[in-house]
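Scrolling down, you'll hit the structures one after another.
Below, subunit A partners subunit B and then partners subunit C, in two separate complexes.
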Partner chain A sequence: MSVATRLNRPPFKRSPVGRALTSQWGARLTSYVVFIIGWQLLAMLVERVPGPWETLDFIWREVSGGDLGGVRRGQFLEHFGATVPRFAIGLTTSFVVGTVVGIAIGSVSFVRALLSDVLLVFLALPAIIWAFLTVMWYGLGWEAPVYTVILSATPFVAVNVAQGVRAVSPELHRMSDAFGVPRNRRLRSLMLPAVTGYLFTGLRFAVIIGWNAVLLAEWFGATDGVGWRARLWYDAARYRGFIGWAIIFIVFIFLLDGLVLSPIQKRAFRWRKSASDEVDLEHGLADMEAIAKTPFL
Partner chain B sequence: MATLKIENLTKTFHAHSKGGLPTRAIQDISFEMSGQVFVSLVGPSGCGKSTLLNIVSGVDTPSTGTVTVTQDGKKARLGYVFQDPRLLPWRTVMQNMLYVSDLHEEEGRANATKYLEMVGLEHAHEMYPGQLSGGMQQRVGIARAFSVSPDLLLMDEPFSHLDAITARSLREELQVMWNATKKTVLFVTHDVLEAVQLSNRIITLAHGGTVFDDTTVELPFPRKASDPDFAAHQAEILGRFEVMEAERAAAAG
Partner chain C sequence: MAEAATLEGTSRRLAGARLRRASGVVLGWGAFVGLWAFTSSVILTEFTLPGPLKVWDAIWVIVTAGSWADDFLISISKTFMGFAIAVLIGTPIGYLMGRAGYWKAFFHDGVVGAGSVPGIVYAMMALVIFGIGYLGPVLAVGLISMPFIALNVAEGLEGVDTDLLKMSKAFGRSERQSLRHILIPSILPFAFAGVRLSFAIAWKVEALTEVFGSSNGVGFQIRFAFQGFSIPRVLAWTLMFIALLLLIERALAVLERWLFRWRTWEQEE
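Right, the complex of A and B next:
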């Protein structure tokens, strides 16, 4: 085939179905379908793995009511209603404290020297250690889950904010110096927007780590809440109950991310020409890599 | 109008590594400029032009010597146009203008609008820097510097990152703006054509950060590179550059 013939060939057109399947949504949908099929196959092969429909049925009964092995059902909202405020209080405190500590570490070398090793210790301690400690300190109740969230999530917010503060362009600082921009305006218009990307990365870490932390603390040190409820089904050796609650945990994080965090993030980054998920993911991965590889403080 | 007085200014940068030698960027420079003048500092790369501008703006400090910028005996207000526009990417054009303004919101907006119109960006108030071309961003940078009503305007190779056609168009716009405002301007460039086109006075710095030449340019505005007098002036300064390079080569042996 000559070059001219090839150039004159009409461009390849995909059918609407082909376009849908190769779109981003198509790719996501494909991953869900493959996951559910794989899960179903595993359930058919392994007796102790409940299938997706069986699990879904369990979740529905956990919401709507009934009885399973002598355990009263329909208490979903009661337990969820106990956990969410603990998680929200812990996460909000982590966000505020982590941001203040992060700004101090990022801007003042003395504070950086003072807190760098302390923060490293906190980062290295897994949530389960905090869960055990807080249960030993406070016993069964709401305190252990809340403090476990705060102790586990705050260092991740602080370290990300500190990195963000240190990454603010020195050229923009010099420009502000040259024009004599006042300190409060500089904080509002230069520092905070520059740190926003890192703040969101820190918040996402905090959400995931804080959620794990609240569940662990409730597992060991509460008399209600979703962590406690998951343990109940675990102790009763009801696999579909345990898996069902694990699915609920995952769905909660997905909803929180999709309905709360992503819209706020899109609004905060509307100045970017392409504020796409790819850019944000790239940003998040770069930060994770930075945390893993570099001496962050 | 502002007065800039530089006396016996020297700037030495400390060695970056242990055992390294300190670098002398500027050596014993003195000059004064005042009133409605457009002064260009020209010279080869590394001769201390930008360092001098940083010291004048207060971003950097001198090792020895003094720099004073006054306006009727008081501290003068400075404006700065950088090599790159240095705009806040998360703020709109108007917000970037207001970021450096001392005026109240309404007054600041009216003032910013006036200068954005002068650089042909009256339609871009609500656009973000990322939506503008490099030339448009630099126009915002110029409008921003003029908008603070500076007594002394510092410009550090503002067109060096732009393509030739955009740079030429911006030079012409700058001539118009300067003739309209008659600010005291200290302009750094390594482009002799640019210096002759814009300036009343050209100070040439030599390698090692010393003043090699200080000359006035008495050509009427607007200046065109095709004008024979313009070409003659440019050739004269380039000739002095050649002398400077020959002296340097002779000194180096």
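Right, the complex of A and C next:
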């Protein structure tokens, strides 16, 4: 009897709310809520740390304009207008130069022997050193941030592209030799598909490292730009402004990734498998793994 | 006879390749130092970019002054303290991520986000929370290396032999026993690899935090030299910093191979 009732009972079903909470999106949303609560607790414990609402209020005022504490506001766009072109020029240059150097290192063994040790030293050089040096060379202005981005991001692009070139299977190369495949077709159908993934990892690197570099260089050697603005609040010991700008820096890099890099990457890889939500989650992690596995960030 | 001849030919060819490689490395260093000397004396000036000799002199002065080891030891101790914190927090996170889809989704944004935040933000956060002192750089190192360790541990868990787990269950082993004898031994190598891989990033952020706010350590010395407009000293400290970075990374790799030599069968490639 008892067995029969158990069998007759409808199968266990979670309520819609429970299902929503345990779904992928529910989990992500919960993590944000937990993060904000943790931040609030930290702000209550450490006096110097501003709380989330305070910081949000600061960001809103910084973006929307108005006056606070005698500092003129509403220059948000002006500062981004100064920083973004520097970042873009530096990023483009380092991507192009890094790709060329990476192809040379990956395909010519003599160049590899020539450059690999030197590249290691350049990979290990902290961006702050380039910021200090370029400020000494060019003074305060737009040059120091641009050159800091180029000098610190190029080695990372080069390393990734070189890895990609070396990952092309030598058998396919030999087969192309045997069947007399012309050079440009080999480049298009053999090298390009193999290297694209590495190119994107290199680009991601360049973005993360370049953004850090432009901020550092502006902090120490500029008279405008977002890095300079963050320093302004730091020097004034207004931690709300300081943390507010740190949040803006993080949001910027997330937006860049979500709105620019990921769509391009998806388009470039549309020949692989269809991208579902699940794959997307794996994708971010795979990128991080690639970053972790590149020698010497 | 013919075999011996081909063998000899192969070894000669190999020796030739090795010679070419070695000459490339020597040439590479030579070109690097030469280009550096050329840039400093012709393109720029000795003041804005001191040449190799001048930097060598500065290194010599720092080394003979004797207190450089203290600064390096302090920076290294901060870095490894940060690693300890990162392992303590990152391993459980990675454990959860590797075992349950819910936690993977939960931590995904945090881990990927924490890995792509610029180092300057960590330096700033550490300063605001702890002010100038010992704990700031420790926190910065902990924050930046934690996601890498968590990811590595999660990856390690996915590679755990599930048959072993099923078997231990079938033979009535407790959860704790399978944790102690199956899960932890398979995770540890990955946690260690996470530490080694994130060492270079962590070391740089540690120095950066010291540049912003510290009263000792390598980063502080770099900042001090910069404020005194002494570029040779900036470069001297930096080169010593890089040399130590490469050395410690190698040492960690050797230690890793020694500690986890029992799993060499997995690292055939």
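Throughout what follows, the second predicted complex is superposed on the first by the 251 of 297 C-alpha atoms of A that agree within 3 Å, B and C clash if a C-alpha of one lies under 4 Å from a C-alpha of the other, contacts with A are read in each partner's own complex, and residues count from 1 in each chain.
By our rule, a contact is a pair of C-beta atoms (placed from the backbone, for glycine too) under 8 Å apart; a residue touches a chain by one contact, two chains touch by 3 or more.
If you're wondering where the values come from, they're calculated on a predicted model, not measured in any experiment.
Clash-free side-by-side placement of subunit B and subunit C is the outcome of superposition onto subunit A. The partner of subunit A that touches more of its residues, comparing subunit B with subunit C, is C.
In the superposed model, A:Val17 lies in contact with neither subunit B nor subunit C. When the two structures are aligned on the shared chain, A:Ala230 is found in touch with subunit C, with no touch to subunit B. In the superposed pair of complexes, A:Asp177 makes contact with subunit B only, with no contact to subunit C. Using the contact criterion defined above for the overlaid structures, shared-chain residue A:Leu190 touches subunit B, although it does not reach subunit C.
In the superposed model, A:Leu133 makes contact with subunit C only, not with subunit B.
Contacts of A:Leu115 after superposition on the shared chain: subunit C is touched, whereas subunit B is not.
Closest CA pair between subunit B and subunit C after superposition: 5 Å apart. The contact sets of subunit A with subunit B and with subunit C never meet. Across the complex, subunit C is touched by residues 22, 24-25, 27-28, 30-32, 35, 42, 46, 48-49, 109-118, 120-121, 123-129, 132-133, 136-137, 204, 208, 211-212, 215-216, 219, 227, 230, 234, 239, 242-243, 246, 249-250, 253-254, 257, 281, 284-285, 287-289, 291-293, 295-297 of subunit A. The touching residues of subunit A, when paired with subunit B in their complex, are 171-172, 174-181, 185, 189-190, 193-194, 196, 271-273.
Across the interface of their complex, subunit A is touched by residues 57-59, 78-80, 82, 84, 86, 88-91, 95, 99-100, 128, 130-131, 148, 154 of subunit B. Against subunit A, in their complex, subunit C makes its touches with residues 20-25, 27-29, 31-32, 44, 48-49, 101-113, 115-121, 124-125, 128-129, 131, 147-148, 151-152, 154-155, 194, 197-198, 200-201, 204, 207-208, 211, 222, 226, 229, 231, 234-235, 238, 241-242, 245-246, 249.
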